[in-house]
Amino acid sequence: MVVEQPERTRALMPKLMAFMADHVYPSEALYAEQLARARWQVPAVMEDLKQKARAAGLWNLFLADDESGAGLTNLEYAPLAEVMGRSAIAPEVFNCSAPDVGNMEVLFHFGSPEQKRQWLTPLLDGRIRSAFCMTEPDVASSDATNVRTRIVRDGDHYVINGRKWWITNAGHPRCDILIVMGKTNPDAPRHQQQSQILVPRGTSGVKLVRTLPLFGFDDAPHGHGEFVFENVRVPASNLIAGEGRGFEIAQSRLGPGRIHHCMRLIGSAERALEAMVVRARSRVAFGKPLAEQGALRELIARSRIEIEQARLLVLKTAYLMDQVGSKAARAEIAMIKVAVPMMAQAVLDRAMQVHGAGGFTDDFGLSYAWAWARALRMADGPDAVHLEAVAKLELKKNG
Amino acid sequence: MVVEQPERTRALMPKLMAFMADHVYPSEALYAEQLARARWQVPAVMEDLKQKARAAGLWNLFLADDESGAGLTNLEYAPLAEVMGRSAIAPEVFNCSAPDVGNMEVLFHFGSPEQKRQWLTPLLDGRIRSAFCMTEPDVASSDATNVRTRIVRDGDHYVINGRKWWITNAGHPRCDILIVMGKTNPDAPRHQQQSQILVPRGTSGVKLVRTLPLFGFDDAPHGHGEFVFENVRVPASNLIAGEGRGFEIAQSRLGPGRIHHCMRLIGSAERALEAMVVRARSRVAFGKPLAEQGALRELIARSRIEIEQARLLVLKTAYLMDQVGSKAARAEIAMIKVAVPMMAQAVLDRAMQVHGAGGFTDDFGLSYAWAWARALRMADGPDAVHLEAVAKLELKKNG
Amino acid sequence: MVVEQPERTRALMPKLMAFMADHVYPSEALYAEQLARARWQVPAVMEDLKQKARAAGLWNLFLADDESGAGLTNLEYAPLAEVMGRSAIAPEVFNCSAPDVGNMEVLFHFGSPEQKRQWLTPLLDGRIRSAFCMTEPDVASSDATNVRTRIVRDGDHYVINGRKWWITNAGHPRCDILIVMGKTNPDAPRHQQQSQILVPRGTSGVKLVRTLPLFGFDDAPHGHGEFVFENVRVPASNLIAGEGRGFEIAQSRLGPGRIHHCMRLIGSAERALEAMVVRARSRVAFGKPLAEQGALRELIARSRIEIEQARLLVLKTAYLMDQVGSKAARAEIAMIKVAVPMMAQAVLDRAMQVHGAGGFTDDFGLSYAWAWARALRMADGPDAVHLEAVAKLELKKNG
Amino acid sequence: MVVEQPERTRALMPKLMAFMADHVYPSEALYAEQLARARWQVPAVMEDLKQKARAAGLWNLFLADDESGAGLTNLEYAPLAEVMGRSAIAPEVFNCSAPDVGNMEVLFHFGSPEQKRQWLTPLLDGRIRSAFCMTEPDVASSDATNVRTRIVRDGDHYVINGRKWWITNAGHPRCDILIVMGKTNPDAPRHQQQSQILVPRGTSGVKLVRTLPLFGFDDAPHGHGEFVFENVRVPASNLIAGEGRGFEIAQSRLGPGRIHHCMRLIGSAERALEAMVVRARSRVAFGKPLAEQGALRELIARSRIEIEQARLLVLKTAYLMDQVGSKAARAEIAMIKVAVPMMAQAVLDRAMQVHGAGGFTDDFGLSYAWAWARALRMADGPDAVHLEAVAKLELKKNG
């Protein structure tokens, strides 16, 4: 075990940290202001930041391909993603935000040349955004075989009917393409019934029923939406990879998706701990600085201990994914998916409390970060599902 | 110890529960709809419900005065307040919502006849609403002696300067009167420096700087605001009770205010548990109803155990307040202020998780109820302050 | 709800508290010393204390019969049992210790006149002690239908074969009588297969295989034993109540048995909190008394809050048992069986920590009290079984 | 970060694991039996195992010296120590048990040639055992400057007076040498007042007042003792390193001592989890194997997650100690000292519960392992002290 960051990480890290300090943190307030004026428009500062990030060579770091991306392994990317996770606006700045990252990876690995040309290129350029339509309101979507949306072949087209919700980017003005999961072959074996298909946002029959708040946050300008697909007709060539490969494609994105969330949550928790420390040093109550109150000091120490442990488990998982692949690392992926959001939630909760009533407002970004950590105990599978996966593997050992 | 509800509670309870079932729960969706159309207007359904409640004799139940209110003790009121706490819109329906309840009590006990005529009567009638301006952004307001707002005598008037935040009702279109806490005599003994004064909302110099979200919720139509008071001039007769009595008045409202919040949180948690049970029975995942999954069953059981214990402590506290007063019951008030929000938060968190992604939206009311429970670990004093109060008393025992 | 103690409790309480202060607490060290000299003999001080307690009218308070006992209800007895629970040696002093209390109640309610004469009378006199042989090492005994011990009729006798463990009092020199649970009718309906039978300790074939330590504690002089019954032959008249009534008899003792344990644990936790406070006031570390360290103060406050809530739930349960019986109060009994040991364990853990390394020795009685609280998360049914019982009832509500 | 074990660890590991499987686990019961027959004698099986271990080249692996020990770094030793931690008897088998390890390291680094010859050589040979006398009953010994024992020069001798407790190995028949910490120069600067001195066990004036149980465990044959030193006179040459260096020597052993405990606790928790899994698969309750009960499955999963995180933090700490030394790694050492015992305690508690009443006996070794984990939340400094150390460092960051 070597704790030092890999060489390529160390090469990029100072640049990334400087960019965060010089450009990202100072722009957070402006971003919020611009957004307050035009709720579902992209704040101009975001476009500006994206150009600067690209110019600085901090672009598409997530993509493990040398040509289209930075060619980093998970282990190399992890500390960088953590730093991006420190600001709610940062991942998009570096074109590393969910669900676009997952969609780009799917197109990169499974897309046809034409699909790549049409959708992957503008996504890699940061010109458009995308959504992944998997979760459905009427079934427990943590079990992917439950999906009810139908994708039916009709001559040279497929016709899609179904209802999806919690579709991130649904409200974004440049969210031009949706990847929709549905069943093409309900009679096939359990994991070969599903397919994924590309649906341009403007296709007739694609209806955004409503946007869904997360706690009270609308998450503008991207937001989370509920879509109805009513007889949505797209060319057959929009199908990704082939009929019956939907489950396989979904699996391929889930491991990386989950660890990316966890990497960023480490950064979110780390920044919250720093904020807690700053506040504790500066705030006086009942005659002495909060920093001198023993109970709070213990919470600071516990937060540090929890963050350290969670980070190490994320790094180990990244390393295993690099070495043996997501499937062989599925126990570890499940473990971090449980451990990291819970840790982040706990640290953020303490940070909010130290910030008094202000902790619940938008003033410190803590309440939003908390809500997001909380959501990640559900998104990509609830805790219960991942705990069950870990338990099942454990009960098989030494059998 | 007798567990049965007091006689007067039992007389009112069936009426209240029927009213909730017939009128309040069925109106929640409509209230949200009307509010969505006009964010800072009072939804028509609320006025309608208030009239019905008053007609049904379910009005001002909080007020321990036989004539102006229902004349109930805390112990008698507690189970009724719990039922009101089951719906976010209910307390206002019955004219029992914070901070108006506290303001009415202050006016009832400390107001001059003229102050009562002008402000208490319309408040008791539910015609206007009110705010209590105590917390300040720049100081740890859990220590009331920190208050910086100045109230300075100038001939027949007082002139007020200061900044206040987390002022509930700030956005309400009928919030006509503010009770403002400030210092009249900074050189007096520590607890005689403060006074409270009535400031009509429209007085020149009263400026609403912004409304403050709670985990993204704007809490319309009442909201929470940040006010600046710039040379606000009101007649000297607006002072409540007399110079230097501000701390005393504040103390008098805090005990009842805290226990009312706790009573309602019990109801909030109880409804969440019921929702959890309903969901567990109806939702299927991985081939069996959630209700058959052992880990979830344990959470249901733990929630029941935690609610029962918290409710009993609230009832004991209510009883003590009735028998020996808020001051003698201050340990118990501090205890419930810590125990009940934490319990409610835990139960609501589990209820959200069982509801999947929907738990974080407005669909089930759970995320808002959670945010409110979370806020109450800070409002009226953070946990740390109440734990300290309990510890101090404990450490004095058997000395 | 009335918090005051019932009249008969208030009449006895000062006497009991004075007895504890004058006789019990001051004898704890002597009891330990005498025991250290003769591990499995009854320390002389115990017999002395018993005589004093009986003379003081503090004897058999548990028995709800006016003639043989004090005639107290559960609600009246609860606060007294709590006080007895403050000292590990106190329950026996007042002839109120488990499992004798349960055995006496069984004999009182189900015993024949001859059985009462022979065994109940000396037990009520405190002349002998008794054991209850139910748990078996080879099956999950929390499910009483699993019992494997056989009780077979043979002419005028019954012949018993089986293995039992965790038989409290097994090592006591005056433990003269065992009540053994086994199956007389394995083909009867599920809850009519079992019977209970009286087996004098000295009967041929009764073999104490070993005594079982509890976290290293031998619990002398009573101890916990593993028995083998090999062709143990007793007169048929030793059967209690009749064949097939074993399950019914067991059920009748479980409710009271569980609540008695909980009552005493409240006292155990309460004494630990007091010890924590005393220690915190007197011990200095890093230049200031522990009592001034914020984190510890919070633990003191949390302990107080947890004890208060647990006590109230025990009192409510006692009240319900008195009013509607153990069966109708089974949810509450299950709740306290989970909540109280967990609370006591937590409070005792904190108390130990405050006492430094001494907390783990016999010097303060804390480690033994902790071990006992821990054991009670298993004895009379593990937490999981009681949580399941609560969940099942909850899931049936509003069905 | 590389997860793989270092080369030298991989070379030794199969040998160590085979030795555990072939010799150690199968001897645990015999060891207990021999001990039961002669409580304070060394069980013959231990001497036999030690010879075998030495013959197998599994001896003194802890010592980072190539000649006297195995020359392993902390990172190399950690996984091996973890495996030793799986059995309560294993560390001594490999001559790697506390406090001898620490004493050997002190003598190795600070001892004179004569001190080494006389005491280090027989310790490295496993012929004798040793004790470290630091903790005192009357002061908070977590603050080493509190020590009250006096070591006074008198001609060619030192005279020692004081009281020490929790002296591990106090009862061991071959515990021939004590290292005693005391003050030689009470007027020197705070950290130069203390010295350490070698006191042969049989010196006149060394009095074992009592052995101290840990919960109810006597921890024979080594035990924990309370010593009084009354005018104990030893040659001046017995002083280690020089007057005033006691604090420095203590510091040098604390880091390694703490991480060794943590390494072993990981193994203890790992074995408990395995036992839990085995039990869950084999035990049936209410008609189905425990392994199919969801709540238990979650506990298995959570245990796995907690162990993984704790182990990684221990490994990182070991690595840092190797690279930058104990002082620079003091935050990490403090972190594992808090995190690992707490984790082990939680895992062991669950394992006990799954084992029913048997979990509290000696049958599965779980209750003893738990007690030991609990003790380690106090030994070498209570949690509070380590949390404070972490907090202090955190609050200094970004200052």
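Labels A, B, C and D are assigned to the chains in the order they are written; within every chain, residues are numbered from 1.
The rule we apply is simple: contacts are C-beta pairs under 8 Å (C-beta built on N, C-alpha and C of every residue); 3 or more make two chains touch, one makes a residue touch a chain.
Just so you know, these numbers come straight off a predicted model, no measurement behind them.
In terms of the stated touch criterion, the partners common to chain A and chain C are B, D, listed by label.
In this assembly, B is the chain whose CA centroid lies farthest from the centroid of chain D.
Chain geometry summary: the mean Cα position of chain B and that of chain D are 54 Å apart.
Once the centre of each chain is set as its mean CA position, chain A and chain D turn out to be 44 Å apart.
For this pair, chain C with chain D, the centres built from the Cα atoms lie 37 Å apart. Of all residues in chain D, those touching 2 or more other chains are 293-298, 384, 387, listed in ascending order.
Interface of chain A with chain C (complex): residues 293-298. Residue ranges of chain D in contact with chain A, taken from their complex: 1-4, 75, 273-274, 277-278, 280-281, 291, 294, 297-298, 300-302, 304-305, 308-310, 312-313, 315-316, 319-320, 331-332, 335, 338-339, 384, 386-392, 394-395, 397-399. The part of chain B that touches chain A in the complex is made up of residues 135, 137, 140-143, 165-166, 212-218, 283-286, 293, 295-296, 352-353, 356-362, 367-368, 370-371, 374-375, 377-379, 382-384, 387.
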